[in-house]
Structures are given as structure tokens and as C-alpha cells.
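Taking it in order: structure first as C-alpha cells, then the write-up.
A, B, C and D are the chain letters, set down in written order, and residue numbers restart from 1 in every chain.
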């Protein structure tokens, strides 16, 4: 289709889901552009040609013309029928993932994404997929509405807290594509980004095998990966920089002042309470924004995270 | 607009009592039918709503005078009901036909 | 002594009336502005013209607040990361910008402010059907605004103007104050709609049949129907949301077993028709202005009149096109997409009829007409991008991106606000009796047109490239579009300041307008500027259509001959 | 009845041509307002229908907690009050001011009876722990969405009860005006349009009753 409006779209990385979308968009753009040009030219031409000559200008009495009315009702009607059918066909394809699609589970939360694989591997804010094979994401939210949007693939689907939704694509080449959250979800909505990384089939399998499922490694290593997968780092920096919540750097053993005026020293019990019941104590200068991780983190997980935080000294 | 009616309709007391009595009887019928007659669903709901519709018609037509009033007022009532039905039926098109996604692992 | 055979609306039977010509005075002694003076007289007035002006004042105030918020938002977006405000502040600003512009500016702008002023005059009536109810509507609007401002002073609101659950049930901002405010505000809208329907049905001057009703009134009539049918659903929706937060009733909250998508149905069942509450009255103004300044009969009177009703009706059945990605069922999505395309047709018909009206006209490019030309260009773009967004596969890509932001600004701001400006400049001489500076007004119109397109055209491109809406931070590749857009918004700001300046100045030192400065055949122009308390000092009798420019002016100035002049 | 002389009777506002035009306009306005009321309740009925379609078994279980007998009594009481309002309008049309006042008082009495019965029903539910929303503590219904049924029940009957209270206020106001002798067969517009409002309150209840109380 025409290249006139190609600059408006990002490079298409998943032709199986996006080619029909691009084509119908180009068609609408071109037809609209022609009609808009016609209307604009007519407006300017009439304004010049029929400019008022004097206050006593007589104008002819033209009340209506049924033939003209029917023409400009029926032609647009036919055009929009074409567009409807075209869009419907492309959309139906988006709604029906191929049977051989590779399934990955997505969990969205304020403000990040966790991707889980069949073998138990989990990874935060990065989804690795095999190129040249359809991939189906089965998604659910842990809190509010989110939406999974990959412009390069022309796909988008809201992620709901009470049921699963699904979306599919097929990246043809190796490469990275940007994921956005497109359903407004609060303070860091605009930081709720992720990346799709497409590998060749062999590289993908190798990558998947490398991912340990959280069983191996030292407690500190496990803690570090949990902090990333569970999205803690979206709000709590590990380098002392200012984010939505207090930084993890130097947190352990730090003297903190609470919003109610009391002070305490951050120890194991305080961190544990802050993970399970975040609204119990709020550090001065911060909002009560965090959701409880009760049920999402086991006692062992929490111990691992505390061990990791201990290593982050000033 | 339809022609103007200079004489406002005045119902007789007998008419009003007849309508009221019918409404009382219909109330008793709908309770008896619901409690003591086993109608298989969904026809139990259909029966209850049909009786309610008859009652509503009687109230609108005779207590609210629509039967003798200008037709435009009746049209307004019908329009409200139509828009309510459109709202509910199109929403049901979503809520009744959602596709259940089941994760495979 | 002349006679005219007409059908008075109050009896509906044809009869012959004795009429004579009443030429409006060019130098009125007694006008509605001099009639009663003082703050108290204004605050308790039941005069539709004064109430219209009070709405105009409030709408202007809220537009200023919403506009400043918009400029702050655009300034924040100059750089990809933080420019000068925090993320939470940004979220509150876009929420309030949306809520204020929709509920306090666009919805009351044309119907309640301009509509209140001209509707009875175009009907030849002395007032709306229920003048006290009209005043009550205004105060209900004020009370709704007060509730919203309590929320502002008390944690603000950060849910987006759409209040989507479950975010709105969890948010720590004062959602309840705003929902109560919107609930109250809804009644203002409903009562205004009720008033207009009754007025148009029952208070038409002798001779104004449905076929001689000005198209502005057809548009206001269609709008009123939407207001009465849709606004109660908004009321119940925000009531349920209030209860959701106060009592946790669970209907919309998934944590309590409810369904968040159901909330979206409830919300858009009102809020999509609300788009037409904002847009349809704009169509009315365009029809009035374009005929006056081309001195020509409207092309396709019935096509334009009936397409307003068609838009109002089909507009009720398309709300689900805001929910194509929400997880609603496939069958609902298909039906909504199909119906969405149908609503595009009557809109297209209107635009083409207006263009055809210009053919062989006597076109004078006064300020209101410049706004009409801006409208036709900008609104067409809004319409075409609407077709794009109604297309299922394209909407999946474009939904909730800046493409949508640009689209609804082209429709709401380019459509409603620009035609509001057209109407304001068109009826300004009638309202105030004064003329504004034509040259400054033309500069203002040009600034608005240029500023508007500079602001919103780049948003189509970045949206299509994937820039999501409601983003505080953005990735670097979108910087150039955001910066262009911000510059455009400053041009718009300057344009609005200029308009405010010369309109205010015209009140003090503007030239006298005369009763009919544009040479219009509309009934509202056949009385003094500004009109007196009763609008006309006689009962007008209408024998021609409002666009019959082939008939002499005398025939538009008739009134009952045998009337005592003292009431 | 209405005469078409040029003089304006005192009750006719300046912007109307005559009494008939004012009467028709007021009535039309009220009908337009009733359209809005129907859609206002329509939203709640919509929530009801969708949840009933989702969880039919819940509605059968939960409806057993509602007392059909008192529901039916309240239906009869409300229909009775509609009848007396209709009689009141008839009295006004026939210039029987005493009948007007008596009928209005009976209507208010019946409306109060309705509210008292409603109050007992609510009190009984509160005793069981059937509170709206999150405060729901009753354990007699084994269904995860049980609280939502009662949320819908409380919203529907609660909003309806608010309308009954407003109606009582309006009818009392009409009664006071009737006492002052403001109405006659020439002018009874406020009686007529308040009556329309009251009939609508009745109409809504006619549907609420089978939908909430008569599910088997």
C-alpha cells in the first residue's frame, strides 16, 4: 500500500498481526486525504468566487437536491462498509491465536510486568520469545486495569484483575520491541514499560534453560532477582536515587522518621511488616501507595529479599 | 402537534376504583402464581414480568391519563422504555458472550 | 392592515391573524441590561438572557482554569522526564483538565450559555417554559462546581475523568467529592434539557412550524433529548461509584466479586452520547452563521435537521467503541464497530450540505464565518480520524494513544469550542449591543486556527507511532512532537487572551451594533440589540422560513397588530 | 372551562398565552422529567439483570431472605396511594376541595405505612448481619457474590425509598397549598404533575416487587 503515510507508523515486526492493520490504515488515510482536499479546495474556491460584492447581492434560491443528498449518503456508506469489513477481518485474526502458539503468562501490577514460562522461569519487565513462531500471552492483573501494548506488533489488550485475557503475535526477526502500559494505573503508569526480546529458536531455548527457577543461587542472588521480578525496583531504587518509595540503598539499620512523628531503626521485622502490611508505617515524605505483597511472596522469599537489602550499603 | 383538547378528561370514581381493584387482584394473582404454581424457568419470570407490564399499563393509561392525553406524552414514555431496553440488551451482548481464557499451565 | 394565515403552536389550528410590521429601534432605551440592576437582581433573575450570561461567565471561568491546567501539562511534557512537576501532580492535572473541560465547559457551553440566550428569541417567546427551573439549573451547576472544588482543596483527583474501576475505588484522592459534584451537575443538565424540550414544543410564536424552526433549535432539540435520556445513567453510575467507595457494594470492584468492564459500559452509556451533547449544538451554530454570511438559503434543511436527530439516536448505540480492547465480548465489539460507522454518515451529510450552501452565495468573511471555515476543516479531520478509530484492527493499535487524544481534541475543541467562538462572535452584538474590533478578532481567529493545528497535528503522528496517553515520562523518540505540540498550545493561549481582551474592550468602547448588523433573516435579529426584558415588544408572527433570503426583510418583522403594548 | 379572553388570570405566568398552554407545558415538562427518572432507575435495573443472568442460583437463594408477604402488602399499599392520588386530581377537577384535601392526606398516610414496613424489613436484615457492601456479615447464603445481591437490593429499594420520601414532601406541599385554597377546577396543574410523579414511584415498585421478592 501507499507509502504516503508510512512515516506515521513504527517498523512492523509482526506482519502476521500487523499487515492488515497497516493496509487498512493506509487506505483510510488516502481516501480521507482526497475527500479532505476536495472539501478544502471547495471552501476556498467558493469563498473567493462568491465573495460578497455589495450589500444588495441577490442569491439564488437553492433549497435542496435529493439526487445529491443520496449520492453523498450512499458513496460514504459504501466506503465505510468496506472499511468495516476490512477492519473486522484484521481484528478477527488478532482475536484468534494459532493453535501452535507458544504460551507465556503475564502478570501485571502497579507498576511492572512479570512474565512466567512453562518451566517455571520468571522474569520481570522483559519477555524473551522465539522469533518465527506465534507467541500467545495469557494475562492477568494483580491490582487495577493495565493494558499490554506493543506498537511494533500493532497489538493491544487490557489486562484485568478478575479474569484472563489473551493476545498473540509472531516476531519474524531477532530484535527488541517496546512494551507500554496503555491503561492509566496511577503514579508510575508511564514507567510501566517492558521489552520484548525476540531470539532465534535455538537461542531462545538456550536462554530458557539458563533461567533458574528461583531454587538455585545464594539467598542474596535470589533476593536480587525477586526484587527485579516483583517490580520492587519500580518504586525503590537500589542506588540511592529518589523514587516513589524510600531507596533500598543503606536502608538496613537506617534511622527513619515516620509520618506520625515516631522514629525507628529499619530492621528485619520492620522490612517484613512493610512488605506484608505497607500502610502500617509510612516514612515521612512519602505517600501511602504500596499494595500488600501478602500471598505473592513466601516467608523464604522475604528473608531472601532482606538478605539482599543488607548488602546494599551506602 | 395534535389538535388541542380544551376539555380535560375527568375519570369517574367508578373508573378509578375499577382500575385500582384490578391492580389489587393482579398483585394477588402474581404472588399466588409465584408461590404455589410451579412454572418451569424461564417462564416463571416471563409470567411475573407480563403481569407487572399489565399493571404498569393500567397505571400509565388510566391513573396517569395517557389514554386520553396527547399522544406525544405516551410517546415519551415508550421512548424511555425503548432506550432502557437498548441499553440492557446491548450490554448483555457483552456480558453473556465473553470468551473464557483458560491458561494451559 | 396586513393579514397572515398561520398556525399558532398553542392551538395548532390554522387561522388568519391581523399583523403589522414592527421595525426594531436602532437606539433602544430600555433593554434587559438596564431593566434591573445590581448584583441581587442578577442573582435572582428568571430572565433567560441574564441566566445565559451568568452561564457564559462561569463557563469562561472554568475554561480559564482548564486552559491553565492544559498549558501546565504541555509545559511539563517539553522534556521526556520531569520538567517541573511531580508525576502525581501531573496525573491530577490531566484528570482535572479533562473533568473540568467536559463537565463544566463543553457540556454547558453552547446549550446552557448561548442556547439559553437565543433559544426563546429564535422562537419569538418571552422566556423559556420554566424560568424559575432555569435559574435553579444554574445554581445546581454552581453547587456541583463547589463540590468539585472541595475535592481540589482536599487531595485532588487522580483517576482520569473516566473514573475507571478498580483504580477509582482504590485511589487515595477525593473521588467521592467529585462524583457527588458530577451527580449534582447532571441534574443541571437534565433540567436544562427538559426546559428546552418543553419550550420548543409549546412556546413557538404563531407561524413557526417544525419546518420553519431554525436549525440551531433542531440541534438544541436533539441535544436536549440526549441530555434527558443519557444523563440519568451518568447519575446512577456515579452514585454507584460513590457507594462503591463508601460502602464497598462490589458491583464494579473485582476485589469484591464485581466486574470492572461493567463500569465501563455504564460510564460510556452516558459519556459517548455526551460527546453529542457537546457536538450537536455546534452543528446548529454553524447552520445559522453560514447562511447569514452567505446570504443564502441553507442547502438541505431537512437533511441537516433530521441528521441531528439521527446522530442523537444512533449515538446512543455506539458506546462500546471505547472498549474494543477492554475484554468485552467479540459479538458486542463487532456490533459496536458497525454502528459506529453508521453514525459517521449523518455527520458527513451535514458537512457536505454546509459546503453546498456556499455555492453561489454572497460570502462575507467576517469573524464568525472564519470560525465556520476553521470548523469545517478541523471537524472534517476529526471525523475522518473517527472513522479510523471505529475500524476494529486500526483501533487495537491506536486505542489509548495520542492519536485518540488528538482525535477528540479535533472534535471537541475544533468542533465544539470553535463553533462556540463562532456563535459568541455572531451573537455578541445582540447580547451586548456592541461591536468588537473586527481586525483584532480576525487575528485572534487566525491564532486559534494555527495554534490548534500546531498543537494537535503532531499528536496524530506520535500516537500512531505508539505514544500512549496519560504519560508523565516518555521515550526520547517522541520529544520533537511533544515540543512542537507545546509551542502550539502557547499560540492557542495567546489567541484566547487576545479574544478576551478585545471582547472586554468592546463592552466599554465598542461601536453601537444596531439591531441587525449582519443582515440576518433570523428572528432573534428582528428586535433591538440588546433586546428588552420580554425580547420583543410585540408577539412576532412568522410567515417565512428562517433562511428565506429571497424574501424582503419587512416580511421577517411582523407581529400581531391588535396588541396592547404594556406587558 | 378555559376562556380565551385577553386578560391573564393570576396563576398564568407572563410568558404563556393562556392557562391551557401553561397546563400542557407543565405536563409535557413533567413527562420529560419522568423519562429521565425511568432511565435513572434503568441503570440499576440493568445492573440487576446482568447479575441475575450471571448468577441465577444466587438470586434464587438470596430472594428467600426477603419476606414476600410484607412485599405484597407494600405493593397493595402503594397501589392504594396511587388510587387516592388519582381521586385527588378528580376532586380538584370537580372543584371538590374537601375531597382533594382528604385524598392527599390518605395518600401521605399510605406512603408513611409503606416506609414503616420498609423500615421493619431493613431492621430485620440488619439484625441478621445483611448490611450493604463490605459490612455484609450474614453467613446463611453460600455464594461468593451474596453481598452483591443485597447491594443491588439496597440500592434499588433505597433509591426508591428516597423517591417515596420526596413524594411525601411534595404531596404535603400540595396539601398546604390546597388548604390555602390555591386550586380550583381552573387551576390544578401542580396537583396533576405531582400526581404523575407519584404514579411513577408506584410504577417502579410494580416492577421491583416481582423482580426482588418473587424469585422461586
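Throughout what follows, contacts are C-beta pairs under 8 Å (C-beta built on N, C-alpha and C of every residue); 3 or more make two chains touch, one makes a residue touch a chain.
Bear in mind that the values here come from a model prediction, so they are computed numbers and not experimental data.
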item	value
Maximum centroid distance from chain B, chain identifier (CA atoms)	A
Rounded Å distance, chain B centre to chain C centre (Cα mean)	36
Interchain centroid distance [CA atoms averaged], chain A/chain D, Å	48
Chain C, residues touching no fewer than two other chains	10, 201, 229, 233, 259, 261-262, 269, 327, 330
Multi-chain contact sites of chain B, meaning residues that touch two or more partners	4, 72, 79-80, 83, 87, 91, 95-96, 98
Chain A, residues touching no fewer than two other chains	163, 165
Pairwise chain contacts under the document criterion	A-B, A-C, B-C, B-D, C-D
Of chain C, residues touching chain D in the complex	8, 10, 125-127, 129-131, 133, 190, 193-195, 197-198, 201-203, 228-233, 235-237, 239-240, 243-244, 247-251, 256-258, 262, 266, 269, 534, 564, 567
Complex interface listing, chain A residues touching chain B	103, 105, 118, 138, 163-166
In the complex, chain D residues that touch chain B	1-2, 20, 23-24, 27-28, 31-32, 34-35, 38-39, 42-43, 45-46, 49-50, 53-54, 56, 68, 72, 75-76, 79-80, 82-83, 85-87, 90, 93-94, 195-196, 199-200, 202-203, 206-207, 209-211, 214-216
Complex interface listing, chain B residues touching chain D	4, 6-8, 10-11, 13, 16-17, 19-20, 23-24, 27-28, 30-31, 34-35, 41, 44-45, 48-49, 51-52, 55-56, 59-60, 62-64, 69-70, 72-73, 76-77, 79-81, 83-84, 87-88, 91-92, 95-96
Residue numbers on chain B that touch chain A, as the complex places them	98, 100-105
